[in-house]
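In what follows, subunit A forms one complex with subunit B and a second complex with subunit C.
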Partner chain A sequence: MSTASVPRTAAGPPRRQGRGRGTGRDTGAGAGATAGRTPGEGRMAALLLSPTLLVLALVIAYPLISAIHQSLYRAQSGLDADGYVTEGEAFVGLANYVDLFAGESGRRFLNAFGNTTFFTVTTVLLETLLGVALALAMNRAFKGRSFLRASILVPWAVPTAVSGLLWRWIFQSDGIANSLLGSEILWTAEGTASKLAVIIAEVWKTAPFIGLLVLAGLQIIPEEVYEAAKIDGAGWWRQLGSITLPLVKPTLLVAVLFRMLDALRMFDLPFVLIGPGKESVETLSMLAWDESNQLRYGSASAFAVILFLYVAAVAIVFVKVLGADVTGARQLGAKRRERQAQRIQKAGAAA
Partner chain B sequence: MRQRRHTWQTLLTGTALATAAAVGLTGCGGTTAEPKADANAAAAFEGRGPINYVSSRDASGAANKSIEEWNAAHPDEKVTFIELPDSADQQRQQLVQNAQIKSDTFSVLNLDVVWNSEFAANKWILPLPEDAVPSGQMIPATVDAAKYRDNLVGAPYYTDGALFYFRQDLLTAAGIPAAPKTWDEMKSACEKILALPEAADMSCYTGQFDKNEALTVNFSEAVASAGGTVVDAEGKPTVDTPEAKEGLSLLVDGFKEGLFPSDAITYLEEQGRRAFQDGKVVFLRNWPFLYSSLSATDGSSKVAGKFGITSIPGTDGTGVSTLGGRNLAVSPFTANKATALDFIKFFTSEEQARKRLELSSRAPAYAALYDDPAVVAKRPFFPTLLESLENAQPRPKVVQYGATTKAIQEEAYAALTGEKDTDTALKDMQAKLEEISAK
Partner chain C sequence: MTITDLRGLAASESCNRDSGAPVQARQKRTWRSYSVYLGLALIFIYCLAPFYWMIVSSLRRTADIFDNTLLPAPFSLENYAKVFDGSTMFGQALLNSLIVAGVTTVAALVLGIFTAYAISRLNFRFKSVILGVIIATSMFPGISVVVPLLRFFTDLGWINTYQAMIIPNLSFAIPLAVWNLTTFMKQLPFDLEEAAMIDGCTKWQAFRKVLLPLAAPGVFTTAILTFIHSWNEFIIALSMINDPAIQTATVAISKFTGATEFQAPFGEQMAAGVIVTVPLVIMVLVFQRRIVEGLTAGAGK
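Up next is the complex of A and B:
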């Protein structure tokens, strides 16, 4: 019945079959996938991958190392007697990082760090709820479905800076938002309202992204499962909780992970919608930009490195703890299991 | 046709320089205070040949016309117009980056007056010979704004000053004979005007108070109009003074007393224009570029033909405008400095300034042009603007302008929103500015 499968790809080390804690549906299929690679294959794989690795080293590793290096230096500037800048870069060790937690710059950093985290948590949460709802709506068969799908995607297609401008008009003091609400909220001034404005605009823009990915996940759920559930008398909510969500979970986790990584780097929307220098919405990226704009490349790099570490930590936690299947390894396994199940079914029918 | 003949060469040199700089940046270890190449030593303007003029776009096409005229007369020293983005921040960033890698691509730089000190102190622009501009014929404030520590480092290209827009129709209806010259006069004029039935929903005054460069402008003007300064002649901050307090209090009280519209804290130039144009405010502080859209007779402006202009109000007597505008400067890294200097002299000459007025409403640096009947017929606000400019003060002339304006915005904004009281805000501002200037 269950046979050892052939290695899936020649490239890359064989992956362990994902055995996420949540699913519990693994049947042990593909346990023999680790076997069967010759040394020659390994060399070939390395050769074929080398251009990719070279490009990655150039565009990812080098800037990263360069940023870390830069973050250990600080421009020493002063004015000489004639008013000219005497400038040089001095090695300051971790002083740029220490400064992130002290004094005025420390206050700004913690504020930006808090904002970044707050925006990430709130926007991703709302986007996920809204995105799943959108996907469920788009997945149903009804008249004008393709029109709905296309129209839902429009916000995602609008460049962020442009949508920032559009929302700026909506949120200006005599804009549509205030006249609809009959209020006089100053959305673009410092304060809670500006945070809310950013969240609304961000969710509007990115919920379709989650919706689209989840829709793709929904479409691979076979119709028969739902039919069986209906026969068993399961209502809509029961179907959602017991069939749809568990089966769409791998896709959803990847979508949420991507959105979180994106939201942590948020820059353009608060920058355009509320404006640079507004502490209520200042994110880590904006802070790094501001520092480099003031020619303090050392501390700008320190901010960027911290942001990188933060993003990396979130990604690792997400993949390890929640078992988000970013590389698609588990899905391949699932497909194979599905095929096997079909074979068994066929065999059973034939008997 | 203007052609980018040297695109490839410049691109290659640019890339090579960028690479070299990147290698240098990452390669050099813990060296301290590496001395800069002495730009001053090469202040002799030598070398002739094609140059690049780097500037923000001129939508009117007037600058392009001046360049075409130069190119026709100097076929061997052609000038290529390199356009930068519209955003001032991005312009500055590109100019700074090119200076830092000592690229010879940018020859003549178009600099905002507030960048003057930073570029001069970093030796990113060359000191100019005293005779480079006919300073006697220019408005003194514009020449002053082109100097760094008494050395001329730029040639005034165009300038800008604040205008005080007021509703002449409402003043007349309330029986007020002349536009107010001081804040107190403005307040009492408003009391009378806002009592009129047609002005029932209006507010008295607005400027620009969003956390932005415009707030620095409005704050500096308020402080200067109350007789104070933001920084003194040596660049030392002076905002912890009774005069500065009086100035900031004008704005803080404006919000507290309901003199300004409640949403004025979100106003930039554009929102202020709309408020005035839609009849929401009686008085407005803004730049001259509004004049044409306010007087548009196509129905877009409710105030066309109903408003007047004068200088902004002060505490006793007329207020003090800040100075906007642009200077042209020569990069020390360009090969053809003699051409660059000649081009600047040509471009900022009175003759060219007059020709550009045909197309552009940018205010020239030459005082004589403001009285010229032919010019005034086309730009009716020029005589008032000249009054404003003759009295104008530059914004803080400091090397660390970016950090300075940010500190000013933060503290002034905190005072306007009531987050800090005026004394605390000014004390904190003084402390921040002292820290910046000590660096």
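Up next is the complex of A and C:
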């Protein structure tokens, strides 16, 4: 497999380059794999990066292009001039997209789109509130913090498919949920109750994740800031609003972004908890999966493309408008400048 | 964790200082600590109660599966025996999961280490663009990978093979590995490698003998996270595989149907769920500090 060959090919060039170390200025990441005489960091970087970029091209770029291409075709069977049955795909232009807004399939799409949006908004909102509360409570605890942290990781570690089964059992008509509530709700059938079941199960699994991220953000706030606020007479709520939340905001923003992107592609949980093809919980991912299962690749691809665009739009809004620093790119730039300045200093000292 | 420890120290110090304070203040303090402990108990129950219920249910006999007692009345391993009795191929499914998650993890780590080294140690153009693109791929919806690749792999005759799961798995494993490893390597000081190179090491030697041992904890953390994500993967395995002999454990348990068609075999499902989850829970308990570090890498900048 590629696994075995990768280290060897990638390990070769650095050894060769050892002699020319330190002289490398930017020769550009575009420098290809052709053996050259002037080894530079750019070339080495290109060699080190190319396996990763190649795999990502196969598993990300190709599917994206292929999906866009596929979404313009539709499987058709008909009779040709000689009366033989032909099966093939006909170019239909944007018909698959136009169909998203008309007729029966259009109704199903809009329903799935609505469900996806509804689940994303409600679950992420609840998760964030609960997660911040969890983090604030855990930040107060000194004893048993590691014990709590272990228990908070359990819902995160449970595979989503297993948590779907688990909640399906809890929400069984004669299961524990109904007996605790004293109700007789059909949670796992069609209807509002099934939406609620999905939301509860999803929030259970993911609120701890937000809690952990926020806790990490809380722990880097210096205690002195709170001391100063206390001296100035700020109460708990005031401290929360004026210190804690603004300082945790960058962390929280990244956490919420990741959770939203994850919620938008929700599949496993409704699939296992309620089942495929259920109108009240069908998400875009489930709809696209169902279509491709029926071998209707054209419309399946159209759904996949729409979902991708939806996800990309949300991500762009977060990064551009709200300023979520996902890659740490700003830090990276700052560090590089710092290092360059150090080098210049060193060079100056040597001269 | 040092800040936490320091803060813990500070708190215990302030407690000692307050020991001579008026009774009223002390009462207020105990009330506050009670409410904190109550909150923590609630968190604890919230996180573990559903998981506990899965374990308890898995240990009941089929006859008393609908009991609501907190402990299984007659304790029974009946469900576990049924899970492994051969007709479900669950043992095989576990093995498949192990192979798929293991190979995915190793492949993602190898690619991730080289990428992270390039990004954290080398100077080249378009660096932040490349990192941005790699991170951006992590938000690519699984279904948008599955639909086109399903067709492609069908043409290749790859349906019901391990590579049909492993290669698409890399679409989320690589960005995860690159992000984590880059964060770790950026935190390691460059000076040591520089010193090694001044002492005559080549860049490759400096990487292998200095950076890699230092980055080992980060690599390990990344391995755990990648493994857990791959182990939990569902939609790719569900779509690419229809042969029970090759499907992974998460898919296998979602398709669990018992001998009787009228009643879903909840006991068996819970037992299988426990078996799939317990290795992860053990990992979480043993490596919790590392996992939290990995999950919050970059978040606590």
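The rule is simple: the second predicted complex is superposed on the first by the 263 of 351 C-alpha atoms of A that agree within 3 Å, B and C clash if a C-alpha of one lies under 4 Å from a C-alpha of the other, contacts with A are read in each partner's own complex, and residues count from 1 in each chain.
Throughout what follows, contacts are C-beta pairs under 8 Å (C-beta built on N, C-alpha and C of every residue); 3 or more make two chains touch, one makes a residue touch a chain.
This is a predicted model, so every value here is computed, not measured.
Is A:T123 touching the first partner subunit B, the second partner subunit C, both, or neither of them?
In the superposition, A:T123 contacts neither subunit B nor subunit C.
I want to verify the contact counts: of subunit B and subunit C, which reaches more residues of subunit A?
On the superposition, C touches more of the residues of subunit A.
Pick one for A:F267: touches subunit B only (first), subunit C only (second), both, or neither.
After superposition on chain A, A:F267 lies in contact with subunit C alone.
Looking at A:D174 after the superposition, I want to know if it touches subunit B, subunit C, both of them or none. Which is it: first, second, both, neither?
After superposition on chain A, A:D174 lies in contact with both partners, subunit B and subunit C.
Please work out whether A:L166 is in contact with subunit B alone, subunit C alone, both, or neither, and reply first, second, both or neither.
A:L166 contacts subunit C only, not subunit B.
Of the partners subunit B and subunit C, which touch A:G277 in the superposed model: first, second, both, neither?
It touches subunit B, and subunit C stays clear.
In the superposed arrangement, which partner chain does A:T206 touch: subunit B (first), subunit C (second), both, or neither?
neither
Taking the superposition on A as described, I'd like to know which of subunit B and subunit C A:S299 touches: first, second, both or neither.
Once the two structures are laid over each other on A, A:S299 reaches no partner at all.
Tell me which partner A:S66 touches in the superposition: subunit B (first), subunit C (second), both or neither.
both
State whether A:S105 touches subunit B only (first), subunit C only (second), both chains, or neither.
In the superposition, A:S105 touches no partner, neither subunit B nor subunit C.
Go through subunit A and flag every residue that touches subunit B in one model and subunit C in the other.
66, 70, 172, 174, 293
Flag every residue of subunit A that touches subunit C in the complex, lowest number first.
Those residues of subunit A that touch subunit C are 1-3, 6-7, 10-11, 14-15, 17-19, 21-22, 24-30, 41-42, 44-46, 48-49, 51-53, 55-56, 58-60, 62-64, 66-67, 70, 134, 137-138, 140-142, 144-146, 148-167, 169-170, 172, 174-176, 179, 204, 208-209, 212-213, 215-217, 219-220, 222-223, 250-251, 254-255, 258, 261, 264-265, 267-268, 271-272, 284-285, 288-289, 292-293, 297, 300-301, 303-305, 307-308, 311-312, 315, 325-329, 331-333, 335-336, 339.
In the complex formed with subunit B, which residues of subunit A make contact?
66, 69-70, 76-79, 82-91, 104, 172-174, 184, 186-190, 275-279, 290, 293-295
Which residues of subunit B touch subunit A in the complex?
Residues in contact with subunit A: 22, 25-26, 28-36, 89, 93, 96, 120-123, 148-149, 210-212, 262-263, 265-266, 271, 274, 399-400, 402-403, 406, 409-410, 413, 417, 432, 439.
What residues of subunit C sit close enough to touch subunit A in their complex?
Residue positions touching the partner: 3-4, 6-8, 10-12, 36, 39-40, 43-44, 46-48, 50-51, 53-54, 57, 66, 68, 103, 106-107, 110-112, 114-115, 117-119, 122-128, 130-137, 139-152, 163, 167-168, 170-171, 174, 178, 183, 186, 190, 197, 202-205, 207, 228, 231-232, 234-235, 238-239, 250-251, 253-254, 266, 269-270, 273, 276-277, 280-281, 283-285, 288-289, 291-292, 295-296, 298-301.
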